[in-house]
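A, B, C and D label the chains in the order they appear, each numbered from 1.
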Amino acid sequence: MINKIVQTMAETMSGIRDGSVVLLGGFGAVGQPNALIEGLIEQGAKDLTVAANNAGVGHVGLARLMELGRVRKIICSFPRSSDPVVFETLYRAGKIELEIVPQGTLAERMRAAGAGVPAFFTATGVGTKMALGKESRDIGGRTYILEHALKGDVGLVEAWEADRWGNLTYKQAGRNFNPVVAMASDLTLVQAQHIRELGEIDPDHIVTPGIFVNRVLHVPYGDPAGF
Amino acid sequence: MSVTAAAFKPFTRQQMAQRAAADIPEGWYVNLGIGIPTLVADYVPMDREVIFHSENGVLGMGPAPEQDKIEPWLINAGKQYVTLRTGGSYCHHADSFAMIRGGHLDLCVLGAFQVADNGDIANWATSDNDSAPAVGGAMDLAAGARRLWVLMEHTAKDGTPKLVRRCTYPLTAPGAVKRIYTNLATIDVTERGFVVLDIVPGLSLADLQARTEAKLHLPG
Amino acid sequence: MINKIVQTMAETMSGIRDGSVVLLGGFGAVGQPNALIEGLIEQGAKDLTVAANNAGVGHVGLARLMELGRVRKIICSFPRSSDPVVFETLYRAGKIELEIVPQGTLAERMRAAGAGVPAFFTATGVGTKMALGKESRDIGGRTYILEHALKGDVGLVEAWEADRWGNLTYKQAGRNFNPVVAMASDLTLVQAQHIRELGEIDPDHIVTPGIFVNRVLHVPYGDPAGF
Amino acid sequence: MSVTAAAFKPFTRQQMAQRAAADIPEGWYVNLGIGIPTLVADYVPMDREVIFHSENGVLGMGPAPEQDKIEPWLINAGKQYVTLRTGGSYCHHADSFAMIRGGHLDLCVLGAFQVADNGDIANWATSDNDSAPAVGGAMDLAAGARRLWVLMEHTAKDGTPKLVRRCTYPLTAPGAVKRIYTNLATIDVTERGFVVLDIVPGLSLADLQARTEAKLHLPG
């Protein structure tokens, strides 16, 4: 019997290696895999490259991971959050690398990794600093730049419902980056608010099928805590 | 700058938003950038169906909820609580940006630091040396939407013109802006450059030109 | 009030021009927009390029459109259906162009068109006849070829449910190419089995949002007729 | 060809399918090509959970339905009626092929015209001059799945070897095949070439070699 549901955080996090590329779902406080990020802090892997939309808030979660010196590089679209103190301090001290990626390019690079597309052309960033050092090409009368897939060794995802095959649904704006993180990552770890019996989720309503999921931990934390 | 200081009252942010809202027809799919552009939604009456898109996978966004009706899972790209209109839907980030990048939005309204009369927009960094500039979805929106309008003050706080011949700040996208709504005027960006559609009452074209680096043209 | 629901086939088909690229949803007999294809036959546009998974069966639908000499070129993955007589006759007589595209590349080219990606690299077809004349490139130690977006002037889609904003759902394997056809086409025409009130479809369950849809015709034809 | 015609009984298609099925562990995501490979599903017991994928957006495919329980909207890539197992799901074609092309399938089993001992597979056209060859999803599957196995007769009907040094038919993918199940043997494709894992009872390695164009090796 396939059973991707695991019982402990330690089991969820097992096998994450130093130097991993970690992709994070979530946007704002909604759909953020906070428990898994705490688990990663506990687990101890270092020299990480983390891709997420933001670069952490306050001194918790991703910010805490950075503060502990475990993040070598961050890939994000918006390093300035409401309270980016940890990132900014590290960045000014030259202790963390930053790769700024337009938000849509970030999502598309993850989706490309999941879909077997190693590189694609896009109009976003053409004629800007984002195009520096990138191949550009005219196609059909418009200029595009080449962007590469962003694959995760590990993906951290928050879902609303999950079953033992790893099928997932999301709630409202909690979907955001989570489905593309799931498909782009070699080891996709999920924290789910609700565990369902197999078959309880309508097959037409499953958003992330279990083929993109490795382990599921039940974390019924309730509503996002605000921003 | 010898400007005839005629008696005029600049548009408020609300008036700027109202002016832009009046130009959005029913049925358009529209993304409103963070800041002043967000106000535009308040001036589109609910019975004129305009479908607002938010980068984080919300299509058919409605106004902010009443305090006791907040849905904690329903925010917009500015991370404010919003509502979903009847007929709205959710999708993931790549699908949401497919709407933007695939040319499916009729309009995006952004704020800006500078707009040049060739349509270049600079709205994400004020210096090439900015240590950690935050671009978010601005480049996707500027490059992807069918039309880009800018809603901003006509000049910076110190009076420096924001409508310029060439942007000096790092670009968000080249040649993208089609129209600008400022607190002083409404201006189209055309092949001729800036074309003034209307000016706040009491301000002459010469007065407006004095506050604008690039040359202003009249229609026709 | 936005109302994409139209009442007549003539209204649905209005404005389709000679020379259009027409993308067809459907796989086998399931999710095929048969009524719309009949409508296109009636409408009269010619010199069409049609992209679909198959090249028509018997003498109806797409096969009939070809038989009437209205199709200049067909783009498909599998021209051999159970009864491909019309296509094979025309093809042998040199009266129709054929572009064979691997099925996944066909779907991805449509998705790319919808997502603003004019071209992308893929491993499918590398080292085969499909790679002839195409740019190839090594990325990360593997060879890929460059494929281009396939945009439709017109897309014909079959949906299970639709509302007046053009939001769609599909039934089971009836989903297939339909969502990518919808997003890839400038003018997306939908035949829907069921028309729902706005808001009746759960916002989390809408598969194709109305932004990708132009017109919806109610065609409650029931189950697919077999193959 | 002077072959010692020893007494042996080639595997039936059912036996070939059974042999391959025995090698599929629980939890794998598997796509079965049209034709003989489809039979493999019949020999994976339902309590060993193997998740079958079909190109047309069906994940978790179950066996054919009873006649009175046909779901008219539920077919597989071979356009046969199928069922959906509890836990299965539907998706669109680009998402379905993302599973294939993104390397998410543990295994694909295809039929073939020829397999070469460098792993090349030819299974979609028997001539460069084929007027309208039908490729379907074969190239996506061959290039995208983590493992490609082939299930086919050991020789063509006229006795021509199908396990060859170099494919003469147009390729589906180069260097993709990892294992071949034929009616005579099970053969791994390795860096050394073909390595024989087992042979149908009564047939010697020499007999098998006589029916095989490329050189056969023994393990180790």
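Here is the rule we go by: contacts are C-beta pairs under 8 Å (C-beta built on N, C-alpha and C of every residue); 3 or more make two chains touch, one makes a residue touch a chain.
What you are looking at is a predicted structure, and each value in this text was computed from that prediction instead of being measured.
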Count the touching C-beta pairs: is A-D or C-D ahead? C-D
Chain centres from averaged Cα atoms put chain A and chain D apart, in whole Å, by 35
Measure off the straight-line distance from the CA centroid of chain C to the CA centroid of chain D, and report it in whole Å. 29
Here the gap between chain B and chain D, centre to centre from mean Cα coordinates and rounded to Å, is 56
Just give me the whole-number Å value for how far the CA centre of chain A lies from that of chain C. 33
Which chain C residues sit where two or more other chains touch them? 108, 111, 115-117, 122-124, 170-172, 203-204
Shared-contact residues (touching 2 or more other chains) in chain B: 84, 90-91, 94, 97-98, 100-101, 144
Between which chains is there touch? A-B, A-C, A-D, B-C, C-D
Residue positions on chain A within touch of chain B in the complex are 27-31, 55, 77-80, 82, 87-88, 91-92, 98, 100-105, 107-108, 110-111, 122-130, 170-180, 207, 223-224, 226-227
Can you name the residues of chain D that touch chain A in the complex? 26-27, 29, 47, 49, 51, 53, 59-60, 84, 86-91, 94, 97-105, 144
In the complex formed with chain A, which residues of chain B make contact? 54-58, 71-77, 79, 84, 90-94, 96-98, 100-101, 120, 128, 131-140, 143-144, 170-175
Where on chain A does chain D make contact in their complex? 1-2, 111, 113-117, 163-165, 167, 183, 198-199, 203-204, 206, 209-212
Provide the residue numbers of chain C that touch chain A in the complex, in ascending order. 108, 112, 115-124, 139-140, 142, 144, 148, 169-172, 203-205
